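Labels run A, B, C, D, E and F following the written order; every chain starts at residue 1.
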Amino acid sequence: MKKLFIIFSVISLLVFIRPALGLNTNSNTQTLSTTSVEQVEENSSESFIDEAFDGIKQFYSYTGFANAASGNLIMILIGIIFIYLGIKFDYEPLLLIPIGTGVILGNIPFVAGNQTGIYETGSVLNYLYFGVVKGIYPPLIFLGIGAMTDFSSLIANPKLMLLGAAAQIGVFATFLGALYLGFNLPEAGAIGIIGGADGPTAIFLSSKLANGINILPDGTTVKNLIGPIAIAAYSYMALVPVIQPPIMKLLTTKKERLIRMKPPRAVSQKEKMIFPIVALLLTTFISPSALPLLGMLFFGNLLKESGRTERLADTARTKLIDIVTILLGVTVGASTQADIFITKDSMLIFGLGAISFVIATMGGLLFAKFMNLFLKGDEKINPLIGAAGVSAVPDSARVVHAEGLKSDKNNYLLMHAMAPNVAGVIGSAIAAGIILSFLG
Amino acid sequence: MIYTKLYIDQISEGYVILITGLLIVFSALLILTAFFKYGLPVLLYTYKIITKGRDKKIKDISPNVNEKFTGEIAAAISTAIHLYLKEQHDEENAVLTIKQARKLYSPWSSKIYGTHNNLRK
Amino acid sequence: MKKLFIIFSVISLLVFIRPALGLNTNSNTQTLSTTSVEQVEENSSESFIDEAFDGIKQFYSYTGFANAASGNLIMILIGIIFIYLGIKFDYEPLLLIPIGTGVILGNIPFVAGNQTGIYETGSVLNYLYFGVVKGIYPPLIFLGIGAMTDFSSLIANPKLMLLGAAAQIGVFATFLGALYLGFNLPEAGAIGIIGGADGPTAIFLSSKLANGINILPDGTTVKNLIGPIAIAAYSYMALVPVIQPPIMKLLTTKKERLIRMKPPRAVSQKEKMIFPIVALLLTTFISPSALPLLGMLFFGNLLKESGRTERLADTARTKLIDIVTILLGVTVGASTQADIFITKDSMLIFGLGAISFVIATMGGLLFAKFMNLFLKGDEKINPLIGAAGVSAVPDSARVVHAEGLKSDKNNYLLMHAMAPNVAGVIGSAIAAGIILSFLG
Amino acid sequence: MKKLFIIFSVISLLVFIRPALGLNTNSNTQTLSTTSVEQVEENSSESFIDEAFDGIKQFYSYTGFANAASGNLIMILIGIIFIYLGIKFDYEPLLLIPIGTGVILGNIPFVAGNQTGIYETGSVLNYLYFGVVKGIYPPLIFLGIGAMTDFSSLIANPKLMLLGAAAQIGVFATFLGALYLGFNLPEAGAIGIIGGADGPTAIFLSSKLANGINILPDGTTVKNLIGPIAIAAYSYMALVPVIQPPIMKLLTTKKERLIRMKPPRAVSQKEKMIFPIVALLLTTFISPSALPLLGMLFFGNLLKESGRTERLADTARTKLIDIVTILLGVTVGASTQADIFITKDSMLIFGLGAISFVIATMGGLLFAKFMNLFLKGDEKINPLIGAAGVSAVPDSARVVHAEGLKSDKNNYLLMHAMAPNVAGVIGSAIAAGIILSFLG
Amino acid sequence: MIYTKLYIDQISEGYVILITGLLIVFSALLILTAFFKYGLPVLLYTYKIITKGRDKKIKDISPNVNEKFTGEIAAAISTAIHLYLKEQHDEENAVLTIKQARKLYSPWSSKIYGTHNNLRK
Amino acid sequence: MIYTKLYIDQISEGYVILITGLLIVFSALLILTAFFKYGLPVLLYTYKIITKGRDKKIKDISPNVNEKFTGEIAAAISTAIHLYLKEQHDEENAVLTIKQARKLYSPWSSKIYGTHNNLRK
């Protein structure tokens, strides 16, 4: 037994150390004549060292070190920063960490043709990216969001829905800005939606309008802006705690910030069940192109509120949305492959994105103040909650809450801020549908 | 020049979309607001009148209904378990219960026959 | 700082209120000469109001209000009724609520060409519908069902399996009926399977036979009946508590309903492990075309019973089946787009479906009585459990249980009814395979 | 009511027992003239029995009994043995039970053309097999593995990483062996990776190199070896507890086996967070073609260690990996369809696989002894842990642990064996990338 | 007329399929019945005779085996945890345990070395 | 003969790949080893110096952060619940809590206003 093993293993070891030793046992070459093997040996042993070096040289040409472009390194650094921000400051880590990792993956330098890159057909990343390019992931995310959203605050105080509408000014203003900067209509529409502060909506719309596939009336093909738009949307969503507070301070008076709103009424289960159905019908009748988003959002919410389908709602809001989030995040991140991502357009989009968030926030705040002109007594709104209209749920609501506490440490706005916050989600989905109808 | 022309059209169309879009978004959410402020109460009131009296079911909806699975068989099993254990679990527990149950008794043992009558759905 | 913000925001606000005010600062139009902007302004400010109205008119033409056909409204109403039945009366809510919502989604009126409808290639719903059209969802559902089914009752009392076979009379009778009504063979086969009272099996078979793709020997293309068949199957499955009791009362005597069956014997873990393997081999050898269904069903059951793969079985019976159920339900529902769904064929299919359930139930009941002719003493079967042979698991078993209690409040038939109930699942899968072999 | 039912049911029953009775009520044949029905009746009743027999004969030709080839039966037996080993001896049951079932499913004899077999386009199994053919499943498995792997042991004692490298000798030796046996370069590369003792890596590489699609420079198409390679890899992984111990005893002295290693140092959370990022960068820069595997592996680990994305990590390591495991296992198993699987090549691959595991184990053991030449005192390594370098995580680590206990029942090597064990995973992924770069 | 002809053929073929189908379904489930009534006992008996004595493993299968994961590494970790905690968890718990464990101790602390010998699998 | 030629080339290329491959794998893992033996400590030390003092956050990372969901809304809800219940749950619990909560109180009842101040994040 022991013997058998020794012999067996020695033989199999010899197979590959042979050239080094230079000896000629070809005990296990059944398939050819000794002569030809001799040739092998000579041919392989004489020039062997050189060939090995050639091999390494050749391999080196495949490595990232040989192919690294400055762009890749910059993007990798950005990816690491994303991850750092997510971990260290807890800015939307469930977005920034997958996206950041994706950015790194997408910018590892590789030799084209080995089905490695996300833009190479046949590569794994390319298959997973399919869900982004075809706009399949966003509705599934919305399904999960619907299954975890409690619309009570909205049902209890419907007029706050208008704040969600006001914030959409950001969408259309950015759209116009993009036109002025020379983007064509569909591209501008896709860029505008960044102002919706809603990652999935942004991806969905850009995958329909600025996907690098559609042909314009004048024969030109639209640019593929999915990557930059998605990254911009998610980055600014993560930065809401940095962007919004100064604007809030700027546009509201101390007195306004002190306004206390009366606690919303209790909402019955029956109302909660009817809400998703009615909201689904009204919103999709008005904006049918937003069907995949709004349909899934309210479907998820119905699963949650029906009281009969808790197990489906639970799956939708946990494992399903987690899986989609992982795939969406990493592929969106990887789509920032430097050679395709680092362009003037991307820079412009980031600029416009910043403006859009500012305008959206301002829109919400100013409209809240405007509404107050018509409201009296304890009906008055604390204009801060207007800022939550941008969605970026739930961070902007939290920001509002925090700002409120700064002025009055007993004024709790979170509950009230949730209403415009979720209305903002619905609002930007509708806006996306409108833009799609006009330019799709 | 053509470019500029096109460009001009784009801008003006942009303004149209901007105004139209905002109007529509607002009206959409206004309608929604209106419905939930005025429509819904009416709806619920009429519903109440129609289903007067025989409208308990909705209230006593409880998580346990979720055991009943689409896909069908789980329910009967869990039900059986429940009949045996005289209590309610959600799906997960039901499964666990089955595991324990297996150890505790043969689900077929005639013991089960003593515990049914007061449990009929 | 504050100043900077004010200026910045005022400017960006001006961009889009400019036309209203009519002033001409084009501070941020880098890309063209003032002249052309003048043109823009005139051209846009003069006719602006009109254009806006045109815009709204144009948009209205996109809305559901403009495109709503009576068919859509009817289907939406049906969808709402499905949801209502699911919530209010707890009829298979995990089916009816997703399907009902799907029916609504599929009938929101939209303008074709925006990749909105489930039948438009490139739409999200269309991608999700793929799993239905290709018959991929049903086997995954069966995997989960297998992982949650306890076949003990069948192993303990194998002869009850024949009741599951008897109920398949419903399948073949309906098949024949469909032929008489002028459907061609494959279509009739797909319609017949409604009698199997098994949603996934019905979808699987219709996706293979009546998919609107296959070409018949005489050159005609089969109709796409997946939608109507699936809806019929699931609707009647949900209505089993309404359909079966009268038939049971009709075909059984009071005396028969009082029959008590002796408790089944205990079943060893080893038997439970062997069952799926043997059943898999026997059934698929006899009916290989049913492989995807039966294979996955028994695979799931093996995962459950092996005792070594509990974590896989658990995933299969919870999250995996939930995800597939959500997608299957909503897409099957959405496939009822009025213009395609509301046809004479659909009506006929619903008629045949009702008959098939009746015949299947009768088949089971009568065969149970037939078996009793050969059984003596405590071997005798309570014919009520024959009705459970239609599958529609577990509702028909529950109905049997309830009926039994009506006659004798101490006679518990649930355990016994489970045997024909699961046998019915196997039976209709085999039947589907047979039909597929003959007509596929 | 009752009456109505009786009439109704009798009628519907008559429909299909009519021919037997031979009576002529065509009450429910709306669609044609009595005459033609007459014809039907004659035509069908006279020759009816014969036709029925023909039908059965015809059907028999579809059944497995008619089409069973000896190959199928052999494979089915193998499948049953896999399941038996998994259940009875607990050898990797989560692999062997799904694969075993798959082997059975794939070898149920069927008539081609009904979209049943895994190699028939349009069949469900074929769609699920897509994830294997395109190498999509392996990275998702690696994502889950990363999310469940604790790299602490490696971080605490980095030098043990070299043992993971040493074991890769098995990969390259097998590669060379395959060349000698007459396989061409890509095929040999794919076969070699079996020595990596890593199922997903093996599937990934073979799906890229030996997929039956690629064309060689000399015009020939590579063989599709995914099935045999995957089965070989998983079989031997399951058999590690049988293969490794004798080799360990053979190549280590009693004295060596008694070496106690000092407990590794504690590792900080910060180190654990940095590890995946740095390891990702270094390894993928060196071997970019392994990006899908290594990228996902370290992405999963980052999700786990970031402390901010626990819910994503949890999903990745439980439900997601379970779902993929089920689909991967059953499809890889089914890909062993006898007519395609039972070939001389498969036999050779199994032979080479065995050798590769032996060589890999030897490589690890010998290199550990080699390292000891340079290490002194309590730095010395217990050479047994070298055997864990083959990966086959975590079984080989457990085998090492068990062997250690045999020599000294107080010497616990598990912790230490984990380091080379996970290093082996990284090592073979890198090796796969190298081979892919050279031959892809 | 062709239609009618076709139609007639269809009907007759329909009857064939009807009869054949029913016969096959019945025979299929009859075979299954037969196997589990007569075949299985024999099978189990022979199996018992063959594996006489050394057939304990099947019995003591318990949920904890599920910790061992395909995908490999989890097991070793959980095992380590178990060695430490001297008890059995299912996968989920194992994960939880790891979390707690992290807080409680460095898995590498030599403490662990005292608790092994009585736990070897 | 061509075949043999090809074959010979293959073998020799095989040896090249064998040697090259092994070298690369080893060097790859050597670099990794080196980094974690020498590079990482330096890195961590520099990091410590840079972020001196203000580096607590990393430490107090705890599972509860996971409530905060990808997108989106879950967080705010759970937060609200937490504000009310004065304690931490992970996502699952949060959901459960919501269920209980519903039964216990209207989340909008002014009761909630008493419990905030000491809980601001």
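Note that a contact is a pair of C-beta atoms (placed from the backbone, for glycine too) under 8 Å apart; a residue touches a chain by one contact, two chains touch by 3 or more.
Please read these numbers as outputs of a predicted model, since none were measured by experiment.
**Student:** Once the contact rule is applied, which chains count as partners of both chain A and chain F?
**Tutor:** Of all the chains present, those in contact with both chain A and chain F are D.
**Student:** If you take the mean of the Cα atoms for each chain, which one ends up farthest from chain C?
**Tutor:** F
**Student:** Which whole number of Å gives the spacing of the CA centres of chain C and chain F?
**Tutor:** 38
**Student:** Can you check how far apart chain B and chain C are, centre to centre, with Cα atoms defining each centre and the answer in Å?
**Tutor:** That gives a centre separation of 17 Å.
**Student:** If you average the Cα atoms of chain A and of chain C to get two centres, how far apart are those centres in Å?
**Tutor:** 32
**Student:** Note the residues in chain A that touch 2 or more other chains, in rising order.
**Tutor:** 16, 31, 55, 58-59, 87, 90, 93-94, 169, 172-173, 176, 180, 182, 273, 286-287, 307-309, 311, 314, 318-319, 325, 434, 438
**Student:** Got the chain F residues that touch at least 2 other chains?
**Tutor:** 7, 11, 15, 17-18, 20, 24, 58, 61, 63, 65, 69, 91 - these are the residues of chain F that touch more than one other chain.
**Student:** By the document's touch rule, what are all the touching chain pairs in this structure?
**Tutor:** Taking the chains two at a time, the touching pairs are A-B, A-C, A-D, A-F, B-C, C-D, C-E, D-E, D-F.
**Student:** What residues on chain A touch chain D, complex-wise?
**Tutor:** 1-2, 5-6, 8-9, 12-13, 15-16, 28-31, 55, 58-59, 62-65, 67-68, 76, 80, 83, 86-87, 90, 93-94, 97-98, 101, 104-105, 108-111, 113-116, 122-125, 127-128, 318-319, 322-323, 325-326, 330
**Student:** Using the touch definition up top, name the residues of chain D that touch chain E in the complex.
**Tutor:** For chain D paired with chain E, touching residues are 16, 19, 31-32, 36, 39-40, 43-44, 48, 51-52, 54-56, 58-59, 87-90, 92-95, 141, 144-145, 148-150, 152-153, 156, 200, 263-267, 314, 317-318, 321, 325, 329, 391-394, 397-398, 402, 405, 409-410, 412, 414-415, 418, 421-422, 425.
**Student:** Residues of chain C touching chain D in their complex?
**Tutor:** Residue list for chain C touching chain D: 134-136, 139, 143, 169, 172-173, 176-177, 180-182, 208, 246-247, 250, 273, 277, 280-281, 284-289, 291-292, 295, 298-299, 302-303, 306-309, 311-312, 314-316, 319-320, 355, 358-359, 362, 434, 436-438, 440.
**Student:** Spell out the residues on chain F that touch chain D in their complex, using ranges where they run on.
**Tutor:** Chain F reaches chain D through residues 6-7, 10-11, 13-15, 17-18, 20-22, 24-37, 39-40, 43-44, 47, 58-59, 61-63, 65-66, 69, 90-91.
**Student:** Inside the complex, what are the residues of chain A that reach chain B?
**Tutor:** Contacts found on chain A: 154-155, 158-159, 161-162, 164-166, 168-169, 171-173, 175-176, 179-180, 182, 184-185, 188-189, 218, 268-271, 273-275, 278-279, 282-283, 286-287, 307-311, 423, 426-427, 430-431, 434-435, 438-439.
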